[in-house]
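Please go over the structures that come below.
Both of the next two complexes hold subunit A, though its partner changes from subunit B to subunit C.
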Partner chain A sequence: MKFSMLKIAAASLALSGMAVTTASADVLDTIKERGKLIVGVKADYKPYGYLDSSGAVIGIEPDLAKDVADRLGVEVEFVPVVSSNRMQFLEQGKIDLMIATMTDKPDRRKVVNIVDPNYYSSGTNILSLKSLGLKEWDDLSGKPVCGIQGAFYNKATSENYGAEIVAFKGTAEAYAALQAGNCAAFVYDDSAIVAKAAEAEWSDYEMPLQTIDDAPWGLAVQLGEDGFKELMSEMITEWHASGRILELETKWGVANTPFAQAMHDKYK
Partner chain B sequence: MGAAYKTDLPVMMAPKAPEREPILPHLRAWHIVPLVALCLLASPLAFAAEHDIRQPSLSVLVTWAPLLMKGFIFNLVISVSAMAVGTFAGAILGLGQLSPSAPIRKVAWLITQFFRNAPWLVLLFFAMFLLPFQISFFGLSIPLPDWFKAIIGLSLPVMANVSEIVRGAVNSLPSGQWEAANSLAFSRRQTMWLIILPQCVKRMLPPWMNLYSILTMATVLASIVGVNEVMTLTGQALASEGGRPDLLAPFYGFVLLLFFIYCYPIARYTVRLEKKFAVIG
Partner chain C sequence: MDAVYDWFRVLYDETGINLPFLYDSYDRNRMFQGFLTTIWLSLVCLFFSVIIGVIGAWLQGSSFKWTRRIVNGYIQIFRNTPPLVQLYFFYFAIGTILPRVENDWGGQSPILGSFAWAAISLSFFAGAFNVEIFRSGIEAVPKSTVEAAEALGFTRVQIYRDITLPLAFRVVLPALNNNLVNLVKTTTLAYAIAVPEMLYEANQIWSDNVNVTEMMIFMLLAYFFLVGILVSGMNRWERAMKIPGYG
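Here is the complex of A and B:
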């Protein structure tokens, strides 16, 4: 009773326009009661989370989310998120769990509950014309560089190396702008760029620089959900120990990454 | 004399019966061919077919078309619902602007002006981030999904515009209507409901349909706030095809075509109604 009164109070506060994070009871109980785990995943990030032509979300991260739902004995529902709204969705409680290619950063840990150990990792690099002959990150200074809206390395690339970032909504738009010559380079995750540069159509392009910011990805739950966090921590350890991440990389056509291999060796 | 009288003075010539205008007078069936061609083939030509290993862009579009059309139907649902909510609220607000009571009139005027002069996207963000994601009533929690908030956000400007349409239509009637009703001892309320408003409906219909057309085209704004409508799905479909630049024009062209096919007949029908009502006055 006291709890529902609290909820009403919190809801009316939220209604009155104030940003309030409702501190609910253990989210695990809510999930079991609902019979459904709601997971925020990317729907525009092949092969980590993307659509098939029927509209279903598929990829490495949806597969991981399914593992979690199976463990809890509930159904899974995917909510497509983008970089700019994924943390808000989790804060608002619209999703229970976020597995959305998010780089683990200290400032993000203040907003959401990032689970240790990290489940994946990637670094930042650029795709650019071979003929430009870029050698150093500083060569980008003063040049227009395409990026994706909401990616953390946009700021770093412009502040540290003086590039002028032109941010696009999706990868298709960014690749088109690069091909049309609107930017000198496209700054993105190295794993995706390696795959792109290998395509016949992109044979004039290369990944010329040293990968920077090799940073781990964190999946996250709401702040205060320590029970769920513990369970997720166990699950990630299990994924690494059993080689599940490596297996999924192979299933979705990604070359096994050094990070996944190292984590497998560490926990096995 | 005797023979037919010849003149080129327009005033002397036999009047021609006005032709009844078809709903789609300027658009013939064959026009669809250049339209589709323009939308779908524009860019694949620019990216010459050197690399034929990949699926041709049109057949990729065909596999995704059903999903995109499902998304488009969602846009239509949003537009119809926002129009319904906006019209209902706007009618009340418009009548409020005509109220004999000064405070009601001033408040209604203020609300109308505020929402009419605000950018639609800003109102959409306003609704998205200020409404909670669920409301609780005595322990019963009602979720407020994104599409619902988009409907609320889009119905705000619709409401303000409908309010102005109502006020404008009522004011456009000759004051003789009011005076005649008054002399026949109709009360103010009776005059409004029985005499003024019935005459206003036909005056309001064309601008109202125009507004609906504009609203339908504005529903794609919802993609910016994460509603899974046709623009969002197009972006996701493009990403799922590995971000091929040659697919951009066919996919966005397809979306353009969907909106055109839906909105053009509405625009034509509006013009027809405007002409029809203009004669009777």
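Here is the complex of A and C:
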């Protein structure tokens, strides 16, 4: 028993040694050698990253990833990630680069190398019937508002604006309840609401309020990959300067966001 | 009272045991509202499920073939499907095809809200079991007792109300007790259709504070005490109703 424990300890030591060596090698060389850039993107977040009818990953973030691959002169491969595994995939080296709607937070910066400046941003807004004519967050006072169980803005919406939160497990239930008229509005990420309101089925609905809790998104590379980080930082600045982000928003049917506009004005 | 609340804040700072529903006034208020909602939903469902059980068991003994068939059909449907599926069915399927009414915020909303659907759905669910429980009690009443009542000129309703049911009640109390305890625990499912009961509020609190462990322990204790109160009440009732020499 003791012997096998020792073996495991030795093996894990060897493994951790290997991990260190791969991390210290420049990932840019590896990508060029392999001829392929592997990018982690969302596949369930229309229109930022989703699947088309043939099963290919498309959207704003895959387009950005393609730009990076073109710059490096290599092919691009997409790996679909979800919020709970995206940082782990990057840490383990399963992906070279992560562009996956991730909010930039200080504790995340300790785990992965988030590149400055931020490439995008989203906040909290509501989806509601045009006929209700909501104008201010305070208009929600005393009204039932659908939400997602566990979303951090539920408490703020009810505490600050007096809304009665009716929280469901998933977005499908919340959208169904909103359509059935169980709530006056649905409080959620503005980036997702913009896309939903653009669908034909939801043409009677709008995103009427000023976005709050605006938080920037960060794309990330592995810790220690400073060369790659430098390159990505240049790319993001270029995207903002050339209006590439605004152009992609228009291409994918998203109204130009104040953040993208402000960054364009700042860097052009 | 504030000193007690503050003590729990100190407890969090010192030990990391986070009980925001005690020291944070917003979380305290919503936990308390959740507690009241759970009690109210339980009482409503207990009441209606027993009524459904009593009436259903009476209709099962009806001389009309179709009345018996309808009652049996109801039992089969509600006993053989999961209560969570029933809740979703009522709220999302039936709820959306019913007529809508003008609400006070200028929109159209379904005629019944989530609490009403939870009360209806859970009452019917527990009611289906109660019908069978009461039937077992009624069948335990000796045929000769009913015949004696008939000979004395009692009508069918009188026999059921004054003779069969009081005797049957004493037989079924332990089984009824079981089913009602289950019903109180099943009210937690209502959080799937956003009824703000205890589990729903606890979920909101642990999402905001990331104190899942503390909230889980609290929920377990809270339901343990809540159901404990119901059980001790039922046991007391069982003893009070006991007839020496019967059952």
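What we mean here is this: the second predicted complex is superposed on the first by the 163 of 268 C-alpha atoms of A that agree within 3 Å, B and C clash if a C-alpha of one lies under 4 Å from a C-alpha of the other, contacts with A are read in each partner's own complex, and residues count from 1 in each chain.
The rule we apply is simple: contacts are C-beta pairs under 8 Å (C-beta built on N, C-alpha and C of every residue); 3 or more make two chains touch, one makes a residue touch a chain.
No experiment lies behind these values; they were computed from the predicted model shown.
Colleague: I'd like to know which partner A:Phe152 touches here: subunit B for first, subunit C for second, both or neither.
Modeller: second
Colleague: Based on the superposed arrangement, let me know which partner A:Val115 touches: subunit B (first), subunit C (second), both, or neither?
Modeller: neither
Colleague: Touching A:Glu201 in the superposition: subunit B (first), subunit C (second), both, neither?
Modeller: After superposing on A, A:Glu201 lies in contact with subunit B but is clear of subunit C.
Colleague: Have a look and say if subunit B or subunit C is in touch with more residues of subunit A.
Modeller: Per-residue touch count on subunit A favours B.
Colleague: Which partner chains sit in contact with A:Asp44 here, subunit B, subunit C, both or neither? Use first/second/both/neither.
Modeller: In the superposed model, A:Asp44 contacts subunit B only, not subunit C.
Colleague: Does the superposition put A:Ala176 against subunit B (first), subunit C (second), both, or neither?
Modeller: both
Colleague: Contacts for A:Asn85 in the overlay, against subunit B (first) and subunit C (second): which applies, first, second, both or neither?
Modeller: first
Colleague: If we overlay the two complexes on their shared chain A, which of subunit B and subunit C does A:Gly55 touch? Say first, second, both or neither.
Modeller: It touches subunit B, and subunit C stays clear.
Colleague: Does any part of subunit A touch subunit B in one structure and subunit C in the other, and if so which residues?
Modeller: On subunit A, the overlap between the subunit B and subunit C contacts is residues 169, 173, 176, 180.
Colleague: Please name which positions on subunit A make contact with subunit B in the complex.
Modeller: Residues 4, 7-8, 10-11, 14-15, 17, 43-46, 50-55, 80-82, 85, 92-94, 169-176, 179-180, 196, 200-201 of subunit A touch subunit B in their complex.
Colleague: Show me the residue ranges of subunit A that touch subunit C in the complex, using the header's touch definition.
Modeller: 129, 131-133, 142-143, 146, 149-152, 154-155, 159, 165-169, 173, 176-177, 180-182, 184
Colleague: Quick one: in the complex, what on subunit C touches subunit A?
Modeller: Touch residues, subunit C against subunit A: 26, 92, 95-96, 100, 103, 105-110, 113-114, 192-194, 200, 203-204, 207-208.
Colleague: Spell out the part of subunit B that touches subunit A in their complex, as residue ranges.
Modeller: 51, 53-54, 63-64, 66-67, 70, 130, 132-139, 141, 226, 228, 232-233, 235-245, 247-248
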